[in-house]
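These are the structures in question, set out in turn.
Okay, so chain A shows up in both of these, paired with chain B first and chain C after.
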Partner chain A sequence: MNKKGVESIFWDSIGLIVLILVLFLFWITTDFIGKMADQRYYIGESEIVNPGNIILLNYLRTDVEIDLDNDGNLDKINMADLISLSYDNNNYKELLNKETKKILESLKPYTWNMEIRKENEDMILEVKTEERIGLYDQFNSYIEIPTYNNKLIKIRLYLESQNWPAGVITEKG
Partner chain B sequence: MINNKGIFMPVFVVLVLLLLSVTSISLYLSNKKALDLHIGNRATEVYSVYQKAEDALLYIDKSAEYSFYKSISQNMNNLDTNCGAEEGYTLLVLGEDTCFLDDNIIKVKFEVAFNKYISEYLNLYKDLNLKDIKYNLDLDREKVNGKSDKEIVIEDNNIKYTIKPSFMFKNSFDVKKAFMDANNEIKKVYVLCKSDKSCWDKNLNKNFSLKNNGKFFMLDIDTGYKYGINKEKLILKFGLDFETNPLFR
Partner chain C sequence: MKKGAFILSIELLQSIPKLIMISLTIVVIFASIQIYVNRDRDVRDIESHLLAQRFFYSKNCAIYSDNARAYPGIIDFSKFNENSLGNCYAAESNIGFKFTLKDIGSKVIKEIKLNDVPFDLCNVKNKNFNCYFNKQYVLYFDNNVKKQGLVDTWIIIKNE
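Our next item is the complex of A and B:
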């Protein structure tokens, strides 16, 4: 009996099984790596630099012209000063409203809104650039500034959007 | 006889491959299909600390401006010279003593008043501890510079950020010059006229208004400048009390 032929069949079978296993492993590995590449990159609200902070600082430093002493000449102050003046004097609120609206409207299509409150939460001014329901507040920014008469003013800037504020912003697949 | 020496290698390979397959399959079938990466976490934490500092610096900037305006209000009629003040007028002459101003006196008096007012503002701030910050004031023409030796340390999420709360803003006029111009004019007429009221009336500039109560001369000087967010007129008030006997003052 030729034993070499039997041995050959035996070892060829093992070799074939090994080959199949290698191919199977290759398939599994490539598919697994593919899944890894499909991983989800979470960028929640807390992980995005809030653009509202810079907008708010720039808003407060924006110059505005107004005749403060009724001498016929326009004086230059900034929005922080105008808010300070509006704290005790309602005469400045109209200009504050107009200038705030102008600045926020210039940021459209993004619908930024603002609330300016006294320390006791009394509203000084509220400006909304979008009057729709079903919107979510996001990118809340808060800042406190002093008034000339040693009071505090709280300002809140926020974006209204149709998107739910937190969660997965992008998925890479 | 069969040579069994060669059988070890294929068996070893098969076992390794089986082990790898089982691991891969178990990973593949597990619920955790991939790692969820929260990107930008650390960067936003760093940014939020920086933002906190920026917010505080804006608060300090506004507080500094308002404190400076309040210092002007206080000093325009009570600069607190060594001769003191009387009826809302800073005394430049008291009996035979003179207390005329110089650059350093103005700087020191403004610095004292400024630090008093700004501490009232800084005590109101809640997000950071801004209390006990004292400023060295430098009045360089229209520019007002404030420097502090104290540092503000912000610590959040193991991030430490240190800022020096200095500030600089531009006033609409040179405060030191406004005070010194008035002081120099009064000094010039004082040397010429002493307590002779008619001589003062003849020699004073038009923007100086003089009234007297006996030997107490009161000068209101309309500098033509306006200051503060309410654009108030800068009217300096200086007094000269020529009464040498303290009992009659």
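Our next item is the complex of A and C:
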């Protein structure tokens, strides 16, 4: 074999290695793009159909009984009113905490975390179950409601569908 | 054999690996594009979600409505029956539905099943069926009295 032939084998080998590397990079890129597309699709799905919105709406609509004017008779208000009253009066927080827990605990196997904050992000009430682990479907709902004296209250509800019944696949991916 | 012809055939032989690699590259590129473009989107999950949401948003299902509007998430107990829900899901005759209305203490008040699909199949890991479950906190009107409740929704879709 002459010198040119030896050179050809040398450069061809390097060329082949480069080609394999290029193909490998191409495969990685295609796979990554595919996963990104799936991820966008998944997020969109959770945004479109968020069961937390109805839960939060019904939570605010729920009636509670409380003696507002200390006349010995119970008055019927809803949770939105109770939250509004709790903005600057701690006397209502115990009932708010109790009623919120009662509603949210009925939602098991959902795990949940609810935050009720003032407009400056000061916490009015936070109730939660165990920490969310981020492996399952997650639904976040948010609403702002006014108080009686024109302040703003921010309510956030985080739901995660852990410990779902057998046979139901909710795990991401 | 002439000297020129000999050199040409050697070059031809030497180019075979290159031709194979170029062919492979083209095949891989086209196959990847084809796989990406023609990929099936699995919409059973979102289909189940949307079917379940119909129950909570449509006044043609069991949602309470007055003369002015419907109230999403509030159930009219008088509409929570097989007839109303059967009309609501009339087009989905091959999909199984089960709606269980419970009180806030999880005591079953009423259960409606549509299309007679055995929900025991959801307890078996089976690729032939896609099971969907959801739990919703609801309010419901029973004889004009507003009550708190929960609705468990089961949907089972047969894979085709």
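Here, the second predicted complex is superposed on the first by the 104 of 173 C-alpha atoms of A that agree within 3 Å, B and C clash if a C-alpha of one lies under 4 Å from a C-alpha of the other, contacts with A are read in each partner's own complex, and residues count from 1 in each chain.
The rule is simple: contacts are C-beta pairs under 8 Å (C-beta built on N, C-alpha and C of every residue); 3 or more make two chains touch, one makes a residue touch a chain.
None of the values given here were measured: they were computed from a predicted structure.
Of the two partner chains, chain C is the only one that A:L23 touches; chain B does not reach it.
In the superposed model, A:V49 lies in contact with both chain B and chain C. Taking chain B and chain C in turn and counting the residues of chain A each one touches, the greater count comes from B.
Of the two partner chains placed by the overlay, neither chain B nor chain C lies in contact with A:L125.
When the two structures are aligned on the shared chain, A:D81 is found in touch with chain B, with no touch to chain C.
Within the superposed three-chain model, A:L57 lies in touch with chain B and with chain C [touch as defined at top]. Put simply, chain A uses residues 41, 48-49, 57, 61 to touch chain B in one complex and chain C in the other. Remark: chain A residues 3, 7, 11, 14-15, 17-18, 21-22, 24-25, 28-29, 31-32, 35-36, 38-44, 46-50, 53, 57, 60-61, 68-69, 75, 77, 80-81, 84-85, 143-146, 148, 150, 152 touch chain B in the complex. Considering their complex, residues 2, 10, 13-14, 17-18, 20-21, 24-25, 27-28, 33-41, 43-44, 47, 51, 54-55, 58-59, 62-63, 66, 69, 120-121, 124-127, 226, 228-231 of chain B touch chain A.
Against chain C, the residues of chain A that register as touching in their complex are 8, 12, 16, 19, 23, 26-27, 30, 33-34, 41, 45, 48-49, 51, 54-55, 57-59, 61-63, 102-103, 106-107, 109-110, 164-169. Residues 14, 17-18, 21, 24-25, 28-29, 32, 36, 39, 41, 45-46, 49-50, 52-53, 56, 72-74, 104-106, 121-125, 131-139, 146, 148, 150 of chain C touch chain A in their complex.
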